[in-house]
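Take this structure first; my questions come after.
Order of writing sets the labels: A, B, C and D. Residues in every chain begin at 1.
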Amino acid sequence: MEYFLQLFLGGLSRGSVYALIALGYTMVYGIIELINFAHGEIYMIGAFMGLIVAGVLTSLGWPALSILAIALIVAVLYSAAYGYTVEKIAYKPLRSAPRLAPLISAIGMSILLQNYIMLTQTPDFLPFPRLIPELAFMDRFSNYLGTSDMFIIVTSLVVMIALTLFIKFTRMGKAMRATAQNRKMAMLVGVNVDQVISVTFIIGSSLAAVGGVLIGAHVGQINFAIGFLAGIKAFTAAVLGGIGSIPGAMLGGLVLGWTESFATGYISSDYEDVFAFLLLVVILIFRPAGLLGKQRAQKV
Amino acid sequence: MKAKWFVTVLAVALAGMLAVGCGEKKEEKKAEAPKQEAPAAAKKLVLGVAGAQSGDLASYGLPSVNAAKLVAKEWNAKGGVNGMMVEVLPMDDQCKPELATNAATKLVSEKVSLVIGHICSGATKAALPIYKDAKVVVMSPSATSTELTQSGSYPNFFRTISYDLIQGNAAANFATGVLKVKKIAVIHDKGDYGKGFAESGQKSIEEGKLAKVVMFEGITPGGVDYSAVIQKIKASGADCVLFGGYYPEASKIVVQMHKKGLKIAFITDDGVKDDTFIKLAGVDAEGVYATGPQILADNEVFKKAAAEHEKEFGSAPGSFFAQGYAAAQTLLNAVAKAGSTDYDKVVAALRSEYVETPVGKIKFDAKGDAEGVSFSVYQVKDGKYVLVK
Amino acid sequence: MAQNTTDMNNQNTGNPVLSVRNVSMNFGGLRALSEVDLEVRPGEVVALIGPNGAGKTTFFNCITGIYTPTDGEVTAYPKTGKRKRANGVRINGMRTNLVCELGMARTFQNIRLFPSMTALENVMIGRHCRTKSGILGAVLRPAATRREEQEVVDNSYELLTKVGLEKLANEYSRNLPYGAQRRLEIARALATEPFLLLLDEPAAGMNPQETEELKQMVIRIREEFKVSVLLIEHDMKMVMSLSDRIYVMEYGRIISTGTPKEVSEDPQVIRAYLGEDDDA
Amino acid sequence: MKDTLMRYVVKLVRQALVASIWLSFLTLPIMVIRVDTIEQTVTWRWMHLAYMAVGSFVLALAWYAMMDRRDRGQAKKDLETVERVSALSQFLSDPRFAKPLMAFGFLVAAAFPWFFSLYQTNILVSAMIYVVLGLGLNITVGLAGLLDLGYVAFYAVGAYTYALLNHHFHLGFWAVLPLGAVLGAFFGILLGFPVLRLRGDYLAIVTLGFGQIIRLVLENWGDFSYGPSGISNIDRPGLFGINYSVEQATTYIYYIMLALVILTIFVTARLKDSRIGRAWLALREDEIACQAMGIDNTRAKLMAFALGATLAGLMGVVFAAKTTFINPASFTFMESAMILAIVVLGGMGSVLGVILGAFMLMLLPEYLRAFSEYRMLIFGATMVLIMVFRPEGLVRAKRKVYKINVEAAG
């Protein structure tokens, strides 16, 4: 039982990491139906921004918590700017293009950003400062969860709830839903679709940056290539949960995390990814729109 | 109109590239042709450096290029090798076998007769037959797959690093003989190198019968969280972890093991015996054992080379720098001793001449492994790897 | 089909080509169709009318295999083909392509052509289920395949001439004017050699002159190809002058059936439909 | 006239200036500051900012000028109902010119290995392998519209088929070649079945997962596949037991590949304009209408998967024989993405486009070796640029114009 609980909580932490990135992924997908391969790269850039800010402030001798706060803010601002710019350069000119064109442009963007960071920063792994303080009361749970695990679980939950509320109740959120359902219609009823898409990218990228800084601090190291794997896992989580659905992204991330954790714990970590993908295939076969995705009747 | 314009430009560009590619080659031929006849008249000696120089494994390949450049600079300052100026020709393969064959044929087509590389064992295996056929001497700073030398299929291959089997044995013997642990969990990163090391270690432990392998598993490289496998190690009752792989994963595992309160011996390989590991893992690195060539910090040549690197490139040298440096030194030295780039003479010189390198004073045995390069066990103490006696 | 559940027997006797009995369709808790009975007899033009959202298109989807009805029987009586049975073929839940192969071809309310294929190719798609050549044939192009291919081309071109699109044969269908797209859909459906043509609002978006031409075309097609026609339409003028019989649907139920005259005089119909949603 | 030009230039410069300032600001921290958390040092590189500002200004200028052109072209195209055919493609499709051109191309291709170095031949073989892979994926994605992100799995199946059979039973290249194709097709159908119901991006992620599963199994099932260390010393293709040198063998493979490329072009070009090809197109354009018109979607999908996979399996065998060494690392998702990029960059559904795309994506990085460090950067940027300025790919697919038998048509 203890072993089960350990695996469960480990999976929860891992799943929250996936969920945190998947939330931004699923938002962007929900609005423009584009598999945004560059999302992982924005996450990576967020982590690097955090690292740079932290490095500069550490050399100036600031206290840890204020560094975390400032690093988060700067990373969010910059990543949002990157997301906005990437959308303007690589996706906006392709609004009316064939469906696969933006996908290829996204892959190109992803390669471009990776190499940009590699060339201007470093190809090596860099230690990420341990910005998340160890809380004393967490000590007795250390066998199950650390402080940074806790941080990430809570953050992804808060972000999920905030996003859901934002989409449900704000003007912009409503405009987003309208755009997601039918872009042309939304345009006709006066939604500024370009603006909605920009805002979506800004929010999605900000989330990626939060993920980048927190996960960087949690894992303790980053390099220019971390975005790729994170992107694939997040995409899987988003699809698993039903792409476009915000609680779905969270659930998808958790299911993915638990699957990997239990597969490792009870079978073998050799095949943890195999089980993760098999689960994905099985779930999609029985629920072709993902766990929480809406099963829309075909319109004929 | 536009389509026409675009396709025309593209066609011209492609044709141009083709022409440039060919043109280069022809020039090369002209330059090389007299060299074949009269080596003394030739002006340059091209040292190919092949390996991952872009992509996510670039950090393992670029240090060798720097090392080769430094060694070349040193020789050129002394007037070159037999009067030939040494020129370094980097050739990227991203550690992909198919690109490695492209890189190899490119080097062969350019009549390069000395190659440092490749970095990854897989890429090396793919490229070697091409070099072998063209009689090119190849020396890898980092390809540790046992079969590369021990199978005897590649007489043109040398390396300045020892191989998985020796290293796995060293680690296993240290665990069972010195630490006297009884239950060992063997973990690897599913990579060529890591799994090779882990398998050698596992075999050695099982044959030694002094300890039991309680677990043998691969982890997913690049993962954010290894808590599940750590809980599993814990549940298996292991008193020692043997890890094959590179420092990014090793540091994550060590840190997370300690977080989960699992403080057992951690023995790992040369891919982790890098100062970056200590920086990445911080205090958690303390006490970790790693096997590695017995060198470096107290080696004079290494100190000098590292200082040069700092001066030239403004940063500390990276992975396999020492091995790459040694490879460049021994190759150029062999050419100098052989008096030409003739394959047989260079090979003979490599096998007979000792050279002082960052990895020790070495020459090569008949199979191509460096004699004098062996493995010792190091332990992290106060933020430094120190030799375990 | 011995007896008819609807008690009107004003036209010919003999087997119907399509008989729908007691069909219901639920989407979750929503009942889109309830206990619909409908029948099409050989050579008839039958219209299905009703206000927007009455369930007409859902009904089409139920009888062409796109949806499987929750309840009831849909039976077709093909004239030829390997699936011909004396007592009909039950087609609820049958795959769409088999329904088409059986001989029931449809058009779509919001035109569903293949936009980046030419007009001719669109019609050629309709010939797919009546031809055979496979991969080997495609690659080796033996005489049989070449012949079949040429037949498909000629046949399709002929169909294009029937709907007056022969001049636009090699245009991408996305570039055709709206009316032409509607006609192209009909040609594509005819290419499958149907015994029953299902037209979903063929006149939508057309001006009166185009509508009239369409009407003439439908009449011509019925004569020439000996097909029965079941159409959904909002244009009352066209429906009244074209149809042999009319079914009126409201809230998923058939509320009235009969000849155009009978239906137009039915007070229920006037209240439910003609009163509020007059001809466009 | 002069005035409008002036105004246009001023507008461009202003746009470019804004873009350059924005990009400089955007890249400022990453370009300028370099934090080394290992050595605890912070380096400031202000010169980079200047480079960036100037560079991005020039690039932005070019970008906006091109963008303007593009939009004007777009507007013009919208006004025309008839598709314009460019003079070049008209020229290419005219049989009087096309035939000699093709013959000339073939002659050049046939003579290539005798005039160019081993390296040139070798990378051309790689490029040709990707031509066939591109054409194969073009069937699945370009014609049938099934977004397959795990295509490389079938390539792996072919490669491992040859490697394992050669390793254990010393089966030769020619014996395994058809077997690789058959196994490829088998796996194509195996993947096809579960994904029949899925559409669009759900299909994409499942195929991606399938590709990962195959690679992970090859990586982990060491007893079967020799794991990550791979299989080396695979025989190059031989003929009647003659052993070739590397140079000869490469030339030999070159001709094998040339034949396979021609065969593939022939087969795919014919399929494209056949009954089956039309069915795929219809499937791509509108799945519901396609099925409603009597096409068996299941069959069409499975056939598309199987045929695409057959070609990949075939190429896997050639790949294993060419590199003589394979390991799972050659079959990553990035590889699938590359092949997909070939199809989309070249122009979905167009055979000529796919060939151009393959040559571009495979040869560009090779000829960019001079810029070695920057080449992937340039590569990524090229992908974005081509998509932005030619979203339908380099060559737009054209539909066949059928000859109508006028008598029959009456």
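Just a few scattered comments:
Just so it is clear, a residue touches a chain if its C-beta (ideal position, glycine included) is under 8 Å from a C-beta of that chain, and two chains touch if they have at least 3 such contacts.
It should be emphasised that the depicted structure is a prediction, and the values quoted were computed from it without experimental measurement.
Relative to subunit C, the most remote chain by averaged C-alpha coordinates is B. Of the two chain pairs examined here, A-B and B-D, it is B-D that is joined by more C-beta pairs in contact. Centre to centre, using the average C-alpha position, subunit B and subunit C are separated by 71 Å.
Per-chain Cα centroids separate subunit A from subunit B by 35 Å.
Separating the centre of subunit B from that of subunit D, both taken as means of CA atoms, is a distance of 32 Å. With centres set at the average Cα position, the gap from subunit C to subunit D is 42 Å.
Each of the following residues of subunit C touches two or more other chains: 66, 108, 112. In subunit D, the residues that reach two or more other chains under the touch definition are 36-38, 220, 288, 373, 376. Touching two or more other chains at once are residues 54, 190, 218, 276, 279 of subunit B.
Every residue of subunit A that touches subunit D in the complex is listed here, in rising order: 29, 33, 35, 45, 48-49, 51-56, 58-59, 74, 78, 81-82, 85, 89-90, 93-94, 97-98, 100-105, 107-117, 119-122, 124, 126-129, 232, 235-236, 239, 243, 270-271, 273-274, 277-278, 280-281, 284-285, 288-290, 298, 300. In the complex of the two chains, the subunit A residues touching subunit B come out as 3, 6-7, 10-11, 13-14, 17, 114-115, 118, 122-125, 127, 130, 142-143, 146, 215, 218-221, 223-226, 228-230, 257, 260-262, 264-265, 268-270, 272-273. Of all the residues in subunit D, the ones that touch subunit A in their complex are 22-23, 25-27, 29-31, 33-38, 40, 42, 48, 67, 70, 141, 147, 194, 197-202, 204-206, 208-210, 212-213, 216-217, 220, 288, 333, 337, 340-341, 344-345, 348, 373-374, 376-377, 379-384, 387-388, 391-392.
Touching subunit C in their complex are the following residues of subunit D: 81-83, 266-267, 270-271, 274-279, 281-282, 285-286, 288-297, 303, 307, 397, 399, 401-405, 408-410.
Within the complex, the subunit B residues that touch subunit D are 1-4, 6-8, 10, 14, 17-18, 20-22, 25, 53-55, 90-92, 95-98, 100-102, 105-106, 108-110, 121-122, 125-126, 129-130, 133-134, 145, 147, 153, 190-192, 195-196, 218, 275-276, 279, 315-316.
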